[in-house]
Amino acid sequence: MLNFYGVLEKVRSRSPLVHHITNWVTIYDCANVVKAFGASPVMAHAGEEVSDMSGLADSLVLNIGTLTSEVVASMKKASKTANKKGIPVVLDVCGAGATPFRNRICAKLMKEAVIDIVKGNYSEIASVAGTKAKTKGVDSTDTGSDMIKISRGLAAAKKCVVVATGKEDIITDGRTTLIVKNGHPMMSKIVGTGCMAASVIGAFAAVEGDRVLAAASALVCFEITAEIAAIKAKGPASFKEGLFDAIPGLDKRTVEKMAKVSTK
Amino acid sequence: MLNFYGVLEKVRSRSPLVHHITNWVTIYDCANVVKAFGASPVMAHAGEEVSDMSGLADSLVLNIGTLTSEVVASMKKASKTANKKGIPVVLDVCGAGATPFRNRICAKLMKEAVIDIVKGNYSEIASVAGTKAKTKGVDSTDTGSDMIKISRGLAAAKKCVVVATGKEDIITDGRTTLIVKNGHPMMSKIVGTGCMAASVIGAFAAVEGDRVLAAASALVCFEITAEIAAIKAKGPASFKEGLFDAIPGLDKRTVEKMAKVSTK
Amino acid sequence: MLNFYGVLEKVRSRSPLVHHITNWVTIYDCANVVKAFGASPVMAHAGEEVSDMSGLADSLVLNIGTLTSEVVASMKKASKTANKKGIPVVLDVCGAGATPFRNRICAKLMKEAVIDIVKGNYSEIASVAGTKAKTKGVDSTDTGSDMIKISRGLAAAKKCVVVATGKEDIITDGRTTLIVKNGHPMMSKIVGTGCMAASVIGAFAAVEGDRVLAAASALVCFEITAEIAAIKAKGPASFKEGLFDAIPGLDKRTVEKMAKVSTK
């Protein structure tokens, strides 16, 4: 059986530094969730220092949620440093499909540097893969198309791991495909769970070379805390509080008992 | 009687896309409150994509809380697209009166595009209307002047709906004037309730053509949740948690029972 | 005995305006904590208005957490206005030591304007003082070196008050040195307590001319609320909620009973 908890343990013991160049909406939550899982977040986007910061880091997380040309230029620089250093780069294609600018930037970022893990919801991943899909703001609406096939194709074409989140999360490198069935509908009732998931993946990929396992472990652990939080939640805010509260105490028994993962 | 709950129901069933170009302080809360009310938020400020994003949206919310020249340029572009498409534009004149730059920008934004709803606290609205009023940071301090008269005059001059928030909220298009007496003093103990109110107005105006009714319904619903949250709050943080928790469950009976609105 | 509560009382009664030019990660919490303590926060970073805003303010807080060249230019402008007006300037050297760019900016800001209070964790302060120290992201890791000596030296050299936070906080102007032993390990489990501490110092320094006393009072009051919050916290999120909830009710008896301050 895959040892998801083992990856969490490594995050906690090594406390990797996760460099983010991210959006202004969920930047606090991304930093805070990485810290709750036992890693060290750092957010820095100035062109003058992103290479140095990625040079110190154990992984790099890019999120295009509120991208501008200046920030994208910094993303490229940081990616190149990360590639040279051999640390994993996670790209959250947040809002892909919504505007031509966003699509262009996604393509550019994936062309000019190696992106190790591409993460988005179903419609964002479909859009990056060049398949027709409807993106409404940052919420996923596509459910009809064969997302596993699309994700595998994108992974093979771009030689990366693809993480497509939705009711069931798909994680694939084109050959191995894992399906994570954890999580709770309440996750879609607050802003930022998608961004946070990408940041957690960044923390887990920093300590685990098998990137499919790293991404799956991250989603399993994050989504189990959502299931725990949902039990006592009275609404979206207490749900989020419960989610963060549950992270540091997440133990082996709970992860092993609650993980719902299958191979496709 | 005015059907405030009916507007909330339309927000929930249609889930309009609310495009924000807003400040970096309360951007998360603005997105999150729009989501809690059942609408879809999207925050995007890059000049390269704001027109496309507003072109997809059902309303546009502008907030000058941490404005810069670049962001203001994007606000103008987005407003023009919104005007062409006929979707409502809400402008939160956050901090108006504090600096000449902020006043100049407010005037410019209202001159170069149609702003459908101008929202601010008493002193901000007084400042935009050209009346002397004291603004201290982003907190309203003016109470002496005749705010109803000032609001009506501004609405008539600019052909827009004016929302002046304070102990009693004034909503007017220059002819019809509604006074909302909901809310709770705790709202002024946390940062962001003013910005959130503008975002909720953006969500409600997206589904209701009568803009006075839309803005009043938004304030009634938002402020009722504040009253509910205040009952069990132990301080500003649990108040905010209670406020967000109360939003999704807000029902017809509660809104009809608790709404305190009069016509002036 | 030093009257820490007396300074808090002055913050509450005068409600000083605290102008921030800060980072995009913790900007909301910085504003919110200042408000919880009874002061008025305003965040503004546009070059066109920072001088006017500092001209209205009672203190200025600078934080280089997510600095860019544009924001640094605004920091310089605002500092000069603050110096002219005679209001205190607090600089949080967030992440100092991590990159050459960040070190260069710290040096520049302290050279081109008078910084009244420099605040950082042990490794950040050591870095600013030119001593070797390891900074990992924004978390303090240095504990070995003689931080009191380093802090005093920096204070004397730069003619400012130095606040070095860690397990024990050091506050010194080079002659008088206070050690604050309040606080709780949970503070390091959430993002932003360091930034918030700097903002609270900004609020307290706005009303108290003795800057060592102002900074110590700020830390004592902020960290006592952390101790109170830790009692019932179930995890990092409920800890943070409890911390904010405890601030407005903090009373004389509690502060006098719980303050742990010694002179070195």
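Chains: A, B and C, in written order; residue numbering restarts at 1 for each.
Keep in mind that, in the parts below, a residue touches a chain if its C-beta (ideal position, glycine included) is under 8 Å from a C-beta of that chain, and two chains touch if they have at least 3 such contacts.
Everything numeric here is computed off the predicted structure, so don't read it as measured data.
**Student:** Quick one: which chains contact subunit A and subunit C both?
**Tutor:** Output, common partners of subunit A and subunit C: B.
**Student:** Which rotation angle, from 0 to 180°, best lines up the CA atoms of subunit B with subunit C, given as a multiple of 5?
**Tutor:** 120
**Student:** Between subunit A and subunit B, what's the gap in Å when you average each chain's C-alpha atoms?
**Tutor:** Computed value for the inter-centroid distance: 33 Å.
**Student:** Of all residues in subunit A, which are in touch with two or more distinct other chains?
**Tutor:** Answer for subunit A, listing residues that touch two or more other chains: 24, 28, 241.
**Student:** Quick check on the complex: what are the subunit A residues that touch subunit C?
**Tutor:** Residues in contact with subunit C: 17, 24, 27-28, 31-32, 35-36, 40-46, 48-49, 52-53, 56, 240-249.
**Student:** Which stretch or stretches of subunit C touch subunit A in the complex?
**Tutor:** Counting only subunit C, the residues touching subunit A are 23-26, 28-29, 65-69, 95, 98-102, 136-139, 189-192, 234-238, 241.
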